[in-house]
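The same chain A turns up in both complexes below, where it pairs with chain B and then with chain C.
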Partner chain A sequence: MTATRPSARSGVDRPAGPSPLRRLLPGAPAAAGPRGSTLLRHLAGAVLAGTLVVLLTNQLAPYQNLQVARVCAFLCVTAGYTVLVGLNGQLSLGHGALMATGAYTVALVQRAFDERGVQGRWILPLSLLAAVAATALAGLVIGLAAARLRGPYLAGVTLAVATLVPAISTIFTGVFNGEQGLRFPAETPPAFLGAYFQPERWLAWIALLAALLTVLLLANLVRSRFGRSLRAVRDDEVAARLAGIHVARTQVLAFVVSAGCAGLGGGVYAVLTATVAPGKFPLELSLFLLMAIVIGGLGSLAGAVWGAVLLVALQDLPSLLTETFSLPSGLAQRLEGNLALAVFGLILIVVMLAAPGGLHGAVRTLAARLRARRRAH
Partner chain B sequence: MRPTTRRILAAATGLALLAAVPACADDAKQAAENVPGVTDTEIVIGTHQPLTGPAAPGYSKISAATKAYFEHVNSKGGVNGRKIVYKVMDDGYNPANTENVVRKLVLDDKVFALLGGLGTPTHTNVLEFVKTQKVPDLFVSSGSRNWNQPDKYPTTFGWQPDYTVEGKILATWVKQQFPGAKVCHFGQNDDFGRDSLAGVEKVLGPVAAKQTYTTTNQQVGPAIGALKAAGCQVVISASIPGFTALAMGQAAGQGFRAQWVVSNVGADYTTLSNQLGDKKVILEGMVADNYLPMVGDTANPWIQEFTKIHQKYNSANPIDGNAIYGYSMAYTFVQALLAAGKDPTREKLVEAVQKGGFRGPGLTPFRYSDDVHAGYSGVRLNKVQNGAQAYFGPTYTTDDGDAAVTEFTEAPATPPADAIPTT
Partner chain C sequence: MDRFLFLTFGGLSTGAVYAAFALALVLIWRAARVVNFAQGAMAVATAYVGYAVASATGSYWVGLGAAVLAGLLLGALVERVLMRFVGHANPLNEVIVALGLVLLIQAVLGMVFGNGYRPAPAPFDTDALTLGGIAALSPYDLWVLGAVLVVVVLLALLFTRTPIGLRMRAAAFAPEVSRLLGVDVGRMLTLGWALAAAVGALAGMLVVPTGLGLHPHAMDLVFVVAFTAAVVGGLDSPAGAVVGGLLVGLILSYVTGYLGPDTTPLAVLVLLLAVLLVRPGGLFSSARARHV
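Moving on to the complex of A and B:
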């Protein structure tokens, strides 16, 4: 195990070349692949996707816009999470807690301004930035421990983090107001959009911007040198180290990046309802997140989109089912509590048996098969 | 730049320009639309209830009764020819779920009003949303003072007595019966517990010891141990039924003998004895308060009417204090709906409740007015003796401020035919 421990043998594991994160900047030489500038291509894709969703939100009813907003908030989390688990091979079960960190940071920052009577459009982006910073810091602390732990031990430590959230919020009732949670001023659409502008559409746009930014940055990151380091570390730590990759640093960085994304997602999730409460971030949420990215397709950002959609769809499933079929009240009650978990588990089993690559993998295989058949004709 | 990239970029720019022309012209039309949830034949209203989770024992029976009462009203032709559709959503007593389901009810199901949303921690977090949507938010099933803020939340109304009103009246009785005794407080770790404590301390001054519990943690042993160690002789408890049962069970287990004085929300004998099973004997001597007819009082005309409805539409559930609560609240809602006129709007409904003047099963008058959105103004004490909960002593009224606790002597109203209000 000595090879995997972060050691001070600087001669061996100092990374050759500039900091991996520098590859995020536009025009990085290594990012230029055979198909033109990766950043430009991703940027165009992001603008395209964003435009489509904005067009869509114009047509949707308020509640559906809220669902779009929720999907986008979860996408921030699942995208960062899948980079950590799928590309770097580190299993965290504490991402629900990291979301809570981001959400509570947003709430505390917004309340601090509100209590002093400060108002302004800049408070929202500032509070979200603070959320990313606070969670990245939390991610750094967990990541430093993570770099020393493997597999089930890492899962255990992060699981403990996830279970801590309700406890912390009820122990420090003065700050976090226990299970009742914190309220902060609701985000309203700016005046220039008109008096009848749907507030939910505005929320959807905020969440969309956050999600696009996250996915764009991550898409570039995973194609950069750092992305290759992530995969190298996942596949074989010894080989990666021999290739000059600083294993521990890569792992810690992956955790920090992933935590920052979770913080942003959690912050946006809080903004959608202008409240945070520990009940929003139970242990199940962390497990749901993991199931979502596995079902969606581990390690691919498209898979993260599937996962985010699934997370939101399953929230509304129990009430939809019990409403559609008028079930006896006893059965309906039991279903309300457990149905999401049961359905998630079932989908997980089916997907793992039928398409180990997740939904995204299945779609890709299907597309490839169709293309092959067309070529054969 | 490669041609494909350029083409994608061009397409994206075009789409972005298209999106910049906002398609929000139909928003103004939407705003001027008809009254949500009201058609010629139906009125759709909604609620959030703990059908599962820590508050489900007991409270899950309330919405069943409310629903049964509306079925009864619908079978007699509804209100002004419209049938009442009552949508019940489960939030598991989890504030985060409440946010979801209330948004779904208001935005997706387009309910006319919310009725009897249950719980202090749960409902507190949807107040802002309810306000921005201008939804009448009637008769919140909780005694928090939060609902009584007409300036901040003009469409929200309480129904049961404030926990502060309750606390003041309970403490006044304790002061008379146990002069000089060590009085302690056990409460839920949120506005429920805090409002109750505020009322108690207004009358008694600082209590000898205070302990709290959180609904996600069933371990109340340490808190009860601390009350025992403090030598409490009377414990005033602001707890939901599950935690009243836990706390009194723990006290009995630890050999801690004190007079328990419990808020009406956590003191329904049927619910508690179901929870405690063969240990229900520890409930003997428990003092609590209420403001509705007691379910055991079979001579009461309201209880007789409600029992008839219960047997017809809700016989799968036991008839207990929670059921009486559900029937009584539904009765008040039908009164409000009638007062809102033949063509009800959200504004008319709010005005009708502010005008007040409803009399029903309750022992005391409501406090509704233009600047007060609080419900019942007082309670009467009851005691568990020989396995039955019965009233004793006078009925008291007070407010959540500094008003004195005074006796109320007016006789309660009698029910109209079929227990359906006509005006």
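Moving on to the complex of A and C:
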């Protein structure tokens, strides 16, 4: 998928503009515009989306703002995850564990400063950066192994990683405080916003900034030469190799990028409650994340947004049901948690069987069909 | 030395269960080229059925029979209703559907039976008999080893000595040719899934009383260990699965005994990675060329 040179052997005149091959490739740059316009377009989109969400947070109640913040934290993770699974074809089940890595890094860094009595606004970005770095490093280690593994083998290894979280936190109880987990100072709004500024709104803004940065970075990465390498490796390793792509390096790099995003998301997720505990990162979390990217459509960043929203919305479903229908407490207790699990599992199966492209893929197929019909007329 | 022997016998007993589990994985892999990530959850579901029947009838053996029967049905159902319709465009699809099934089964179990632990009494004494002053196997360990041995022998006989076994092997190795020769490949696939799920159900019934307890997530770690055992033996080899299961059981028994139970998941990961990176085809594979 390197630049297509006009081939000497075909005597046919090539049409001006992008080559037919390029137009056929999914996700390849459509109209060849001037360089940098993709970045500008994405930047404008991010600023617009950011402004809208900020305006929205001004209208919402504290709990709803916290939900917005959770959506944004999950979006960091799902965006990176969908690039790895959908565009590079590596199925990792360890992204819950990677989130835990980011979350614990934030907690440890913040506690380290707190114990020495150091305070300041810069501690939060620093701890999040540390979370990204630590998780990217973990991703490098897993990715190096993953580059040699395929399909179900990789899924099995990363599943083993996901079962590690509680074990690690109990083995090193001195550092991670076992099942209890760690607390660290809660994030408060800065003074210039006024004394009565809603803390949840501030948290939502932090998470939003993280999500926008992640999606912006990934959107450009996906459209770049590296993004095309990712897809080439997924579709045919031999062909990619022949085209001059270093297969193993591409796979490892994809894992590192994806892990870094998961670390950022995990870190923000920890900041929202100012606590981390192994119970927050069970095996199902990784499966929830998988559901989120499958339902949105594997490999689609817009789908990652759908997924993150549904992830948060569906987790609140049981409590909503019990409140609306005033279920007996025994039944409510059994539904608690399990109902969301069942719905997630069903969605995963039904989407995989009926619409493997996910919601976003279904919408896109429909749009393409309409366009084709219009062209036919 | 006493401790070493004790851990060895304990490792063989748990290893036998892992071997049965790994065998279930290998059966499906050979038949359909799918690693059934829902194997653990399916085994838990059948164990719930087994113990519900056992406590209703008062007989462990009726419960065991019910669990194996439930396994046969569940396996056939999963293949007929789900796996048959999964698109093969992407090799990840089957794994993702199986993972969805895990969520669904665990949630349904939690809703019907509750998320708490349920008692699962063992049919035999689980205290170890002392042999010449050394704590060796308990009667329950002997039953586990015996049951797994019988299953392995029966499966070997089925696949090598019966016409249906021959047809199943043919359908797995050359589906097109077998179809031309009149083998109902689809039915063989269903049968393969049913058999594998029944073996998994037996393994689940055997492993639950050994300090694991019965709850919806009982098999999460067991599945990872069984996957490791199957990979150690090579996913294609039933004999390898049995040896791999015993080997992994022994190694984990030593690790748990000498380093503490918390280190078990770490040991599983290290073992799995070591085998996959050094001998990706398992310990019993012959060298095979890889494309890239």
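Here are a few things to note about the model shown:
Please note the rule applied: the second predicted complex is superposed on the first by the 322 of 377 C-alpha atoms of A that agree within 3 Å, B and C clash if a C-alpha of one lies under 4 Å from a C-alpha of the other, contacts with A are read in each partner's own complex, and residues count from 1 in each chain.
In this text, a residue touches a chain if its C-beta (ideal position, glycine included) is under 8 Å from a C-beta of that chain, and two chains touch if they have at least 3 such contacts.
Since this is a predicted model, take the numbers as computed values, not measurements.
Because the two structures share chain A, they can be overlaid on it, and in that overlay chain B and chain C fit beside each other without clashing. In the superposition on chain A, A:119 contacts neither chain B nor chain C.
In the superposition on chain A, A:170 makes contact with both chain B and chain C. When both complexes are overlaid on chain A, the residue A:348 reaches chain C alone and has no touch with chain B. In the superposition on chain A, contact of A:181 is made with chain B only, not with chain C. Of the two partner chains, chain B is the only one touched by A:48; chain C is not.
When the shared chain is aligned, no partner comes close enough to touch A:365: not chain B, not chain C.
In the superposed pair of complexes, A:198 makes contact with chain B only, with no contact to chain C.
Contact with chain B, but none with chain C, is seen for A:275 once the two complexes are overlaid on the shared chain. Taking the two complexes aligned on chain A, the least Cα distance separating chain B from chain C is 5 Å. In the superposition on chain A, the residues of chain A touched by chain B in one structure and by chain C in the other are 170, 333-334, 337.
The touching residues of chain B, counted against chain A in their complex, run 1-2, 4-5, 8-9, 11-13, 15-16, 18-19, 22-24, 27-28, 30-31, 51-53, 56, 60, 64, 89-90, 92, 94-97, 99-101, 103-104, 107-108, 120-121, 124-125, 128-129, 132, 189-191, 214-217, 316. By the touch criterion stated above, chain A contacts chain C in their complex at residues 85, 89, 91, 93, 145, 148-149, 151-153, 155-157, 159-161, 163-164, 167-168, 170-171, 237-238, 241, 247, 283-284, 287, 290-291, 294, 333-335, 337-342, 344-349, 352-353, 356. If you check the complex, the residues on chain C that touch chain A are 34-35, 37, 82, 85-87, 89-93, 95-97, 99-108, 110-111, 114-115, 217, 220-221, 224, 227-228, 231, 260, 262-266, 268-269, 272-273, 276-277, 280, 291-292. On the chain A side of its complex with chain B, the touching residues are 35-37, 40-41, 44-45, 47-48, 50-52, 54-55, 58-59, 61-63, 66, 166, 170, 173, 177-181, 183, 186, 193-194, 196-201, 273-275, 277-281, 315-316, 319, 329, 332-334, 336-337.
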